[in-house]
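Following: one structure in structure tokens, then a few remarks.
Naming follows writing order (A, B and C), and every chain is counted from residue 1.
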């Protein structure tokens, strides 16, 4: 009798057993995810450096060369890097302010009814396949651009327009979430001090939601950065250095999608595509880190 | 200028821009539906696709899309939710945690075509899954995890800390607090996250071309045995989803009515996501009501 | 109570799955044949699979992925058949001697232009000049005053390899132009862009775009079979040197007169039995024996 009681008192309680289980489950989950990311990174790195290790192509030539002609073993990736960066920044620069404005209007100004109507609408748009955006780009955006600016219509600007349409819903929906996360008391306190709505927005709400807004931007822009099918349809896929917004160009993703099916695994031209994928990854990594640093500074 | 005036101008500008964006979005949706709806008929929804004759339908593709979302969710929701619980409740604020967070964000910036190729080399070839729904679901899980983890974590974080303290005060273990207090309170947010990510994978094509494949062999809807090779429930069969079908019909379709099929499929896709959205919202609402009681 | 219902439910599901597994195991095993490769050929192959009489014993999966993928996978032994638009000899990184070529169809390649352009005939020389960038305005080849928008096919794609082999002189290469990798997208762009020229596989030709005559010769099955229309290519199914019986049976079926006369011709490919000439990997055309 005493022993049993002693055991009960000294042994781990039911609560702590549960706690252990919970910890185990969540640790396993995070290890799986971490392992997955690790595997993908290692995998991509191995595949990506094969061009330089096995085929002895110089890294510097790869990064600074402007000629991409796999049939002549010329792999200069600079035009693609520039184009990828260009369209993403362009699309992001237009989409971010608009997403912020829409999110502000929905969370701070418009009535709940409109809100209830708009949010599912935005979530709906997130799900439209990129192929559909691509075809809208091909049949609506490109002809209009051709009418407005001349040329063929295919090019950086067309890609940026399509990407803008694609990432706007994602960004808006995430910005709305981040604005909603700002506690109501902040708004009340600010209003109580006699601030106008605009002052509240610009001085209180946006600063306190800043890091989440940045995250929304990263998510949106990384989707733009990695988008392949839609961009490929409207960007023109010309592997030369673009000189203007209306010039047709090729992005990292569009070259990968176009080329991967037509090359044989293990050949230099296939390895070069994997190197492009690795660059894509490194660039988005750098991008993420940059945003992190910026948002951490802002938070202080 | 007086603050009130600035406020008024700002309000007008914000609402004006919102109106423009709203108009843009609505015209986009109207465009998709207007070009697609005339092509949708009962026949279109219930017959199988044709290789190079017109009048093909999308029955199998539609089912495959839905089934694939279900399988992906079965794999990814528990994983993402547990990871989110870790990040939000257990993770110590140190370098390792921020490295993990960074890793998840990096995952989100992986281009889907790269994920597809990774899935092809690892799941399809290395693990010998062949082109199958399961390989597709795993590839989609990779795409899905970051956004899902992120939104689950956000939902958990939004539950006031006071509630956790109350639980701790009652001597509950952290895990109990999470499952009994935090999770229920965060459920609506989690469900929104699931809908959002489901929407994204519903429309995914690039990652599936090399994993779930681009063909739909004949499947038998009366065979409920998931181990039978022709059963519609078999997760090891290759399956073409609706988004892949749109891509395929547009790029290498031999059917004379390719445009009509792809427009119709796009409209069906949008409507399905809409229904899916509404249903999930309704379910979330129900759960919330039951919890309040 | 809830717990009992739950555990009974789980038990029923597990029992059901177990029973299903046992039943599935007892069914006669099916031979599996996987075909991976050329996206252009995929619709035809799928249609043939749909009509395959042996489908009870053999389950055949057709996947796209591109000719390069098909060839490298069949070389690696990961799939049974690699579908390709080009000869294995022409593909970098493939040891053609280890593979066996099965020609299953012939596909014409046709230059197409925008319908409103008003050009429907070009000489081979003009076509060459357009695709090497020596001619950049339609005025120079008898069209309206409009810049030429060249839309090439993706580097390494089967259609492009065959096109360049016939049109370009050895040692020259195409102008660095827009590239698209699928027949459908090319068609869509040519349809929507005034002044655009590209080329597609004849199976994909429809009223959206204007086919161009070459030196006055029209694209037709008869002209392809005699090489009067020189732009054509084979559709190949590659296997290892000694394919399995199930694989060989399917290929035999696809090459049979019955399939060639019906499905292959319905899909606007050219029947392989009609060909009066044959072509080698390095582009030599000779009388068919």
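One rule holds for everything that comes next: contacts are C-beta pairs under 8 Å (C-beta built on N, C-alpha and C of every residue); 3 or more make two chains touch, one makes a residue touch a chain.
Predicted, not measured: the structure shown is a model, and the values here were computed from it.
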Using the touch rule from the top, point out the two chains with the most contacting C-beta pairs. A-B
Which chain maximises the distance between its CA centroid and that of chain A? C
Can you give the whole-Å distance between the Cα centres of chain B and chain C? 32
Computed distance of Cα centres, chain B from chain A, in Å: 16
So what's the Cα centroid distance for chain A and chain C, whole Å? 34
Tell me, which residues of chain A touch at least two other chains? 135, 257, 260
Quick check: what residues of chain C touch more than one other chain, meaning two or more? 39, 64-65, 181, 185, 188
Show the residues in chain B shared as contacts by 2 or more other chains, in ascending order. 250
Touch list for chain C against partner chain B, complex: 17, 20-21, 23-25, 27, 30, 32, 34, 39-40, 42-44, 46-47, 49-50, 59-65, 78, 181-185, 188, 203-204, 206, 266-268
In their complex, what parts of chain A are in touch with chain B? 15-16, 18-19, 21-23, 25-30, 32-34, 36-41, 43-44, 98, 101-102, 104-106, 109-110, 118, 120-132, 135-136, 140, 165, 168-169, 173, 177, 181, 195-199, 201, 215, 218-219, 222, 225-229, 252-253, 256-257, 260, 277, 280-281, 284-285, 287-289, 292
Residue positions on chain A within touch of chain C in the complex are 69-71, 135, 138-139, 142-143, 146, 152-154, 232-233, 236-240, 248, 250, 257-267, 269-270
In the complex, chain B touches chain C at residues 51-52, 125, 130-131, 209-210, 213-215, 217-218, 224-229, 238, 248-256, 258
Can you list the residues on chain C that touch chain A in the complex? 39, 64-69, 71-72, 75-76, 91-94, 149, 154-157, 173, 176-181, 185, 188-189, 192-193, 196
